[in-house]
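The two complexes that follow have chain A in common; it is paired with chain B in the first and with chain C in the second.
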Partner chain A sequence: MQSQELNLQPEPGRKQASGTWWATLRLPLLALGGALALTTLVLLSSGVSPLQAYRILIFGAFSTPVRFSDMIMLAAPLLLCATGLTLTFSAGLYNLGVEGQLALGAVAAMLPLRLFPELPPALLWSLCFACAAAGGALWALLAAWLRLSAGVSEIFAGLGLNFLASGLALYLVLGPWRRSGSASMSGTELLPRELWLPTLGALRLAPLAPLLALLALALVWWAVRQTRWGLQLRAVGLNRVAADRLGVPAQRRIAEAMAGCGALAGMAGAIQVLGVFHQLIPNISSGVGLLGLLVALLVRADPRWVLPVAVVFASFTVGSVQLPLALGVDSSIAGVLQGALVLFALLARGLSRRVTG
Partner chain B sequence: MDQVTIFLAAVLAGAAPLIFATMGETLTERAGVINLSLDGTILLAAMIAFAVALNTNSLLLGFGAAALVGALIALVLSFLSLSLRQSQTAVGFVLALLCTELSSFLGAPFVRVPGPSVPFMPIPGLASLPLIGPILFRHDLAIYASLLLVPLIWWLLFQTRTGLTLRALGERPQAAFARGVPVVPTRYLVTIVGGALVGIAGAVYSLDLKQGWSYRHTFGAGWIALAIVIFGGWRPWRVALGCYLFAALEILALRMQSVLPGVPTQVFQVAPFALMIVVLALVNLTGNPRVTRRIGSLPPGLRQPVQALVSRISAPPPAALGQPFERP
Partner chain C sequence: MEVAVHNLCKAFGAVRANDDLTLRFAAGQIHGVLGENGAGKSTLMKLIAGFLRPDGGSIRFDGREASLHGPGAALRAGVGMVHQDPLDLPAFTALENLLCAAPRGAIGSRAAGRQLLSELARRLGFTVEPDAPLASLTVGQRQQLEIIRLLACGARVLILDEPTTGITAAQTRALFAALRRLAAEGNTVLFVSHKLEEVAELCDTVCVLRAGRLVGEQLPMPVPQRRLLELMFGAAVAQPTAGGAGEVRITALRSEGGLPANAGEDGTPALPGLHGSPTTERIAGEAVWQLAGVSARAGSVALRDVSLSIAAGRIVGLAGLDGSGQPILLRLLTGRMRPETGHILVNGRALSGGGSRAYRAAGIEYLPADRLNEGMIGALSLTEHFALLQNAALVDQRAAERAARAAIADYAIKATPVTPIRALSGGNQQRALLALVPPDCRGIACEQPTRGLDVASAQAIWRRLLERRLAGCAIVFASADLDELIAYSDEVLVFFAGRVSAPLHRAELSVARLAELIGGVGFGGG
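Then we have the complex of A and B:
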């Protein structure tokens, strides 16, 4: 059930024969058309005008500066997770534990905030990000260890660790780190204002977050596509046994990919704490990790497409927040559209393989 | 009724949906296909079952709709992975998320609406037997069905020719193909039947055990079911044992809360997941060369019993699980 059947790498031997626009656009158009058809059907079935819903879903995030900055603050951690998953997918792993790695990063980011609140903010933030990266990497290495030494599929190890990490966050919020007064599901005490990541004016947009995410993407892009290490990583992903025979330290590369992904997911957790929620809440990941998995699956771990797809997915989610008020329907239609896009992309890929192969 | 019988009866009832889901998944995986969409399938089926039963006032239609939803999702999974050769893991995962979101969107009008539920139906005569009466025979039809399903699946898998063929699909599909079994169509069939059982699990939640519908109504049940199938080593009786152990643990966790009021509820809710990881590690022991070596270096008196214990606990998956079928 592991690496051999993974098929995320672009297939070098199967370039489109002709350069016509139809050959290049066929797959994306099929995926988009199918996803829109399914989503439209779902919208119609609950009596909503699909056009109005799409207008809000697609353009809602760009309608006001406030919403746009919300979108950027969702896209930043999403980009970090999807970037990290590029590493693990390249190594042929389904790191479903990314949610937990994000949550543990958020918990770890709280440690310096609680221990040394009197440090200068810049130093404190660096400490937070370092702790978050370490925490996320640790959680990912735990899953990698379970996979490599105990033979537990990383899918189940990751899922189990997700629940554990969210349990830990919940315990801390309701237990030792509860607000003075009574414990509350709404989270720990808000951070003092001067410890929030600096924002642009009164908006919630903290430029540091997207900058960090873009930097991570550039670094991973370079590492996976331009270095020997990245080549070995992809070799492990394509065929672990063959890579091992050719002298690639497969176990090491797998552990490194997991740790790298965990570190990036952990930093996404730090952004959630310092830049988005300004506190630790029980559901600190808010599904960003799972969304990151969808992004990575849709782009087949190709770093070129991670940024645009992450931005589009983030804008759907932010746009959908207005749906309940504007049209009286649940906002989860954004998730339906995102999931359908990935499902129909898989369908389109399968169909084209059938036609050309 | 004393505490113990009440507890055991609650365990049998609490495990019922998990039994349906895990038996469906055991069948599917025995034929070599992983249906990773369980969590979404259970949610969507639960929601549709509730909506249908509420609108038609027919429980039977509710259960039927749930089975249909499960079968349809399994059909999509089969088409994408068996016919179009996409990764079963990727397709299953995407379906899990998509169906979860669909259940939230389509189910919004039904949140906390009171609705029908499977009526309590003690079996006359048997229910008044001492001890086993209250444990086994004071439930409703869905729970009786779950009790019968386990031996049925065991019988199907291990006592019939069909079961032999089915298992061959998961272990050595090439050999089955050589003997004239249409591998891909049969895998389709088994996956769809398994999916229908998973769908019924959803209906058992929304129409029986956790009556009604709410956002993410069946918190994580599908992922648990997938783990229990591995824990059970793809053997129906052991899988069922896993379901009952899990249900017992859940009930104990609820009880613990009143004993230790300082610790929040949700912490107990995640305790089973920690256990799940440990158990999965134990189950995989024999596949691990390091463990084999370490057992080999034990003193001879110890080696035998440890070896026996390890091989009892561990259970290898079907050899061709999750792999696409290549025509020989």
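Then we have the complex of A and C:
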């Protein structure tokens, strides 16, 4: 029995080359089974038929064109965040500041909209995305600077900066950028219709958003897997001291990974402003950054899996919106399923590491 | 307490670290366990001390089979292990370490703990201040505290893994006296070492492991060194010699085969890369490193006003006890630390303000002792390491793999181009580390280049380093092994409490002279 198990274990170095389908799929399947079991328990305890709930969770997002386009418009910023986090995870960084970087990107995207509203829309959008990327990158660089110069862990720096960023957004919404008349928590004034990202017909789907996200994913995939920069990034993530000895500019790579992630999260913020909410609201990220962290944790910074997992997570969230109406349970069950998936995936990985020694 | 193992097996992946071992360690004696690196000594000790769980076989204490869930269970059963690097809490004082590690109820109060600590220290002849913060103690003192702690927790079997590494001669004497005393009181001591002299001096029995198996049988001491070498390395290795310990080692080196041509044609115990070699003087060229009035400090050790020049093609050995300042010089030489005062020139260019990358760009390589944590990236393969060293923006996978294959062939590394570095043995890792040194390198600073390697691997490493030297590279290495220092150095600098001796040239080198200087004799007062 034991020797059989040993044979099934893929050798660390040859994981890509060989290895049976069972060896590669065992962990994901175990994690999926565990997560489903836990979620089923939760559903049963609240007196809901699990099968019906799963049907809605899994297929709900694909039931109507409206829901499908909602799913895409959630998946696009999610994909951008998870893609950015692939960079920081590769470099061994836990960029918990991704929420704040997204929020700051959204704030920065508002700047050209307020300053030059009369520019042609195409130019204005480009400016918005550029500003958003720069804002997110700067916010991330602040965390990187705290880490590199003052030795503050990027986890804590990021969390602190998240509060600052959401505070800033709230201040702008209630203060200088408030609606004419009365300040409202519901956000700034809606953008004029012609500045909304163009959509497919009457749907909310703005093709530019998923296009941008896919482009970013392809670029990051290529950079991490094919370029020496990406290899250096991984080397820094695995062992910074040794990477430094081998001539890798470790500090620079850390800063670049953070800035890259911040830029992508910032662009996700611009999508939230231009394509989803059409205004700046206090909770502009609506948790997309944190969901992106879950995606990145689940795929272990492997760019191949970012897209499918981001789409699945987005469809859970969108599908769950129908749960209260259809079955009378809260939509947060999607969060339970997503969180359980990540927890069980981490658990399965930890266990397999213990088995292999 | 008698410790016995029966048909003990432990495998890590495909490697059988302990393969059907049956041994008995009688109470009241000191038992030596010998073997080259990877022979399975540490695995056996960790199994007995509960750090690992066996795959098969049994462990018996006084005839009763023990099932150990962890080191705590082993200690409750009376078995304690002193690790090579003490496992303790440096932020606590000695007394606090003792208190927090003692089992519940064993020590009633702080005062009782203090008394127990002082009493055990006095009985064993150790000098441990109860209120000294652990971070201020030497490795030797921390080891003494660890022994006291284990005894206070009820250990009747003490396992010591390479205990004399990094401690002073006086501390070694104190340790041996204490171990003899403990054995005389009926305790069992298991002493793991690769130093034959120590085993000969201390132990009542000896057993030799090779490739996870017991070689021959457990022998009562004394056993001739030649016989022990035979057991450790195989019958072909040790040939009769007239000499003492040093020469036995030399014989072992010679007979591994494949030495450079200058190895003792005339029957004298010559060493590889010796100064009989006519090339030595010719290849000594212009200075690679020049230090002028350099001072630097790390922790409690400070180097003051060091001036020296190291020429291309020279090998400089750094001798001294742990914590005497050799690592500071190595870090200064490689830009890992900046001098507080003074200047460092590399190839005639001032680099004192530069970081490690500037030094690397100037052709200086650093080979750390901790190969896996500081030297290479364990999860990456040799191919990926060579890809890291490329210059283009895109990785040339084919070229990297070619370089890896060439390195594997040239350096006789037992690996494939895609094996992760951490899956290699220590000797192969060290060879990989050397293979990654670029060919145009000007100076190599190595920290303990052969630490933890068996004789054959150590010799292979030095063959490579000597090739680099012939190519005009200056080599600086720190070593704790006097034989190694004498065998390979053109000159030796001895460190004592942050002070550096004048360079000792090859002709003035002897074990006795080095030992004196390492102990501080000849450094003068102040």
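Going forward, the second predicted complex is superposed on the first by the 337 of 357 C-alpha atoms of A that agree within 3 Å, B and C clash if a C-alpha of one lies under 4 Å from a C-alpha of the other, contacts with A are read in each partner's own complex, and residues count from 1 in each chain.
Just so it is clear, a contact is a pair of C-beta atoms (placed from the backbone, for glycine too) under 8 Å apart; a residue touches a chain by one contact, two chains touch by 3 or more.
Worth saying up front: this structure is predicted, and the values here are computed from it rather than measured.
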| item | value |
| --- | --- |
| Chain B versus chain C as contact partner of A:Ala235, first or second or both or neither | second |
| Touched partner set for A:Leu208, first chain B, second chain C, both or neither | neither |
| Of chain B and chain C, the chain that contacts the larger number of chain A residues | B |
| Contacts of A:Thr227 with chain B and chain C, given as first, second, both or neither | second |
| Contacts of A:Leu161 with chain B and chain C, given as first, second, both or neither | first |
| Which superposed partner A:Arg245 touches (first chain B, second chain C, both, neither) | second |
| Chain B versus chain C as contact partner of A:Ile58, first or second or both or neither | neither |
| Which superposed partner A:Val152 touches (first chain B, second chain C, both, neither) | first |
| Touching partner for A:Leu111 - first (chain B), second (chain C), both, neither | neither |
| Those residues of chain A which chain B touches in one complex and chain C touches in the other | 6 |
| Residues of chain C defined as touching chain A within the complex | 12-14, 356-357, 360, 366, 368, 373-381, 384-385, 387-390, 392-395, 416, 418-420, 423, 436 |
| Residue numbers on chain A that touch chain C, as the complex places them | 6, 12-14, 17, 226-229, 231-232, 234-235, 238-239, 241-249, 356-357 |
| Residues of chain B touching chain A in the complex | 34, 36, 76, 80, 83-91, 93-95, 97-98, 100-102, 104-106, 108-109, 220, 223, 226-227, 230, 263-264, 266-267, 269-271, 273-274, 276-277, 280-281, 284-285, 287-288, 290, 317, 321-324 |
| Touch list for chain A against partner chain B, complex | 1, 4-7, 42, 45-46, 94, 96, 146, 149-153, 155-157, 159-161, 163-164, 166-167, 170-171, 174-175, 183, 282, 290, 293-294, 297, 329-330, 332-336, 338-340, 342-343, 346-347, 349-351, 353-354 |
